[in-house]
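Same chain, two partners: chain A is paired with chain B first, then with chain C.
Here is the complex of A and B:
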């Protein structure tokens, strides 16, 4: 079955289609950022809100990028064949990670608005924060951020540039080279992603701690990466690219992995909650207590139902995963749910008394998300949309997981 | 049954997995229903080539999982809150939070049982005897030989025509198998 398959598609996406997507996303991003910055200057309350909304949108895009980087590293680490046809999509998402360093600037500016531990007078009167000051202090915070971006940017650049180089030469030595870095890559990735989650979202409530927080953020990010990847495949194929290269079997696998990581996310999320619920120690339960007030408790229920129970039953079906429309809808839903999940982590720090939507939540999302998608689409203008000289590509195309 | 034994079917050997795959495709196209292929390892694309319908095992797994879920929840609720209420560690008599790990584990356990035993049942395993066991060349199926059989029970079966058909699609050592 399909053993006679050949690579017949054009390796590149039509330049006009790539440019169109780039321009639309860039326009949305520019309008979103301008509107957000404009609103931020409208008053003190809005300025405060701006930083929190920006952080939510930033984390949303960042975790998608980290999920893509994870996908690339795992591909090389396990010498996978099935993902050869879709790896370029992940490479084009992960290469946005250096860009996230620029989008980090507002968070650096808003350090005092976002992070209670950054106020010296607050730390001076707080024995717990005083004790944590060796780690939670502004200079070390920025040094760590620089290290994270260097690690992610370096890995994303290394894997993408070697993969693009292979597009010309087809040299298998490049595959070996990437495979050799994968074990180091996965270790540095795991540590940096964990500590980034600690620094940027967990430390919003500096008294609270959970060792599972890193893997919780990571799990949501991987789900979102697969959702993003599914939509990227839909976009590429709708634009006439890779119609025979990325098969139903490949899309089915994206659906299966999204499903798998939804279950993993639920497992981790519940485990984090369960231990805190069972031990019932005030310094740990406080985080959930803040999120159990009127309004936030509804969002919590929405996350349990919308991020796990409903997608679990829907994506259990093979037909849902193989039929493009249903898989794409599920992907859109999961991206939305990941945003709600991050909103539930970040926003109660600002609005302790209950849910309080702000127009900045939307404008920052459009701004950061637009820039992220525009940068992603831009990558398809110059280089091939698939690693078309990867020695494993044909094996990947034959794979139909019947 | 002391008298003459009845025929079970015919079997032929094939050189490699690719030949076996093509043979299966041709047998399906010729309209055979009760034919089977034998290989030391799974052959990719064989399900499609043979025209096998989707497996029923997932439904058995699902039933197993749901049974486990129901048992897990009722067990904890009934023993903890109804039959022998006892406050432990200041926790409620029953709460979904502590109920979930046991419920999850029992769902997974019974879903796995459903998968494994469902697969056994659908394959009619264990099967201590099979007519093909009597064919000496068939021993190689656990090592490096590939076979295809057509059963008498197939409506299209005809002792001479089916033997000729197996040869025609590339089979060698065509043998009649008794029950």
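Here is the complex of A and C:
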């Protein structure tokens, strides 16, 4: 059972390695953002495209951050032990959520380009939008966004700062303090993440609605957080950190949870589609009708196969989850598929007539993603890469799941 | 009563037009939902290596089987000609008649019968080693032979255990998706329609959460008195009760989330029918049922945020009764969305007749009869499994008096 295990690794990642990753990611992010902004000014069509591409990249990073926040809250809520060795990674991802507020600025600027309901003349001529105007209006939209970022930022900051404080004192009272906030955390998290999904992606088609949409966005986010976490573990261990602290068993569990949430994602996605298909009410099927035209239907098929069928069979195997290379490849694939999934939700609003790739899709992804990863790597420069004085850490290292 | 019901037909129920589905579906969904907790405990918690489950797994699984039997009473009667119930199965026949494969009610037939079969097998396989123990300790010839037959020649050999463990794991793996599929399909009964208040995309996970919620409440209702009466306090400890209360809290909160989403989207959809259905639920003639549902399902479980409440047996028992009531009313509220349909001239109010009530009360009688028979003749706690998770079973156990961290870990595992 690995009873002899002790914490022997250096708690910190080598500063040079953290700096290197930070600089590379920051450079990619800067180039991506500059190229995107440059392209955005090249014409009206490109400007329009810029906002949609930015929103896709933004949602991609945001959902990863929310998945990480969820992981932290559940860790404290359930008094988990196994996840003590990897919790700092999640904390460093979730602390990017306040940063997402800055990355939200282009969306605020592009409100009229993105959201049909933000045009007063459109609302005036549309009884349904008039009905919804109490909720879908620009001032309230921004107030809500501010509330979401305050909730997420507050929670991420609270959990990370107390956890870092514990690195010095090893005081168990800090664990209790974090546990006490977890119930409030999970309730506010669930509501804010749901309404953010309604606001930022569902309202792109302001007539369409689905009670499942919040759960659907959440499920995709959790899958991609586990994928991100797996790659972060690979990066840390390749840089020589935490080689003995994060065990094969821990990685295996990340793989299992990613698998589990892939199945959950498939379940909610299928239910959402299937119920709308079966009832066949025009106001609901319109959303899928836009996505079944030539081009988009291929992306839909790719999502079914690539986001569920293939990873399901591949990740079912125990060996795939325990062997680093195969698990890492699966994680890269799932991050890509999550992007495709969001692309499928967001982009048909702009291109209803069919799939239309644009170079901005790539540059915004590099820009937002680069900034996100750079900020993540930056967190490893100063503080420990693991909550090394967490009273649960040894239990986490000894935890045997083979 | 049931005989008269079968003789006379379902006309003597309180059904009317527009309320074409009444208590029968409410009770069916109620009982099937209760069954889910048993499978969750026995199969899903097994796959999650939650060892604390062993103490409650056996009778929770028994509860599943009996609950499904009770559930089947209602569609059985509701088909009207119970002697032709086998027509629901797709049997080739010279009339070329087939059931309607497009109807989720037919999928229910398949889903529930598969679920019942697998649950029964899973329960029975788990029982085999215990039946052998009972055989070896039987007093009297009849018992000896009866348990001997049922234990299938179990001698506790190494090969037996090896096959047993593998079969158990496979059945647990099979039962897990069935838990989801059964209640998902039950939710499809409503959600594939175009009825406002029934057709909403969150129904499948919401129903599954609700099923587990109601099932755990029923396990609690059964566990608290039976541990007292049979002196099982050392097997079913306060920690088990507390864990179950946590699950009740989690699933109850999920159900609350689903209610909130339904309400918000009903308004947000801009569909006046959707909005009406929900306003009518909360403030219409059935408002009393709606508020019973909300207070029992969403508000009462919130007490379980506090450890004092979770570990208090009286509170746990009382709240579990509230949840049972609330979950019955949830299905009632959903079904009663029918009472004000698209045509105001046909609006009506559903009143259960004595036949509705007596069939429902009868199903409780059936359930408790089966459950008490089970307690009398079969081990209510899985003997062999509990032995396996005792600290003494650990190869690293260091004997009495060593309260090392290992025992702690196993207990929290």
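The rule is short, and it goes like this: the second predicted complex is superposed on the first by the 402 of 402 C-alpha atoms of A that agree within 3 Å, B and C clash if a C-alpha of one lies under 4 Å from a C-alpha of the other, contacts with A are read in each partner's own complex, and residues count from 1 in each chain.
Everything below uses one rule, namely that a contact is a pair of C-beta atoms (placed from the backbone, for glycine too) under 8 Å apart; a residue touches a chain by one contact, two chains touch by 3 or more.
Model, not experiment: these values are computed from the prediction.
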item	value
Simultaneous placement of chain C and chain B on chain A, clash or fit	clash
Which of chain B and chain C A:207 touches, first, second, both or neither	second
Contacts of A:81 with chain B and chain C, given as first, second, both or neither	second
Contacts of A:131 with chain B and chain C, given as first, second, both or neither	second
Which of chain B and chain C A:278 touches, first, second, both or neither	both
Touched partner set for A:326, first chain B, second chain C, both or neither	neither
If touched residues of chain A are counted for chain B and for chain C, the larger one	C
First, second, both or neither for A:268, with chain B first and chain C second	second
Overlapping contact positions on chain A, where the chain C interface meets the chain B interface	1, 3, 278, 280, 398
Residue ranges of chain A in contact with chain B within the complex	1-3, 270, 273-274, 277-278, 280, 316, 318, 398, 400, 402
Partner chain A, residues of chain C touching it in the complex	49, 180, 184, 188, 191-194, 199-205, 253, 257-258, 260-262, 265, 268-271, 305, 396, 406, 409, 412
Chain B residues within the chain A interface of the complex	18, 21, 44-45, 47-49, 54, 58, 62, 90-91, 97-98, 100-101
Partner chain C, residues of chain A touching it in the complex	1, 3, 81, 127-128, 131-132, 135, 183, 187, 190-191, 194, 198, 207, 209-215, 267-268, 271-272, 275-276, 278-281, 283, 395, 398, 401
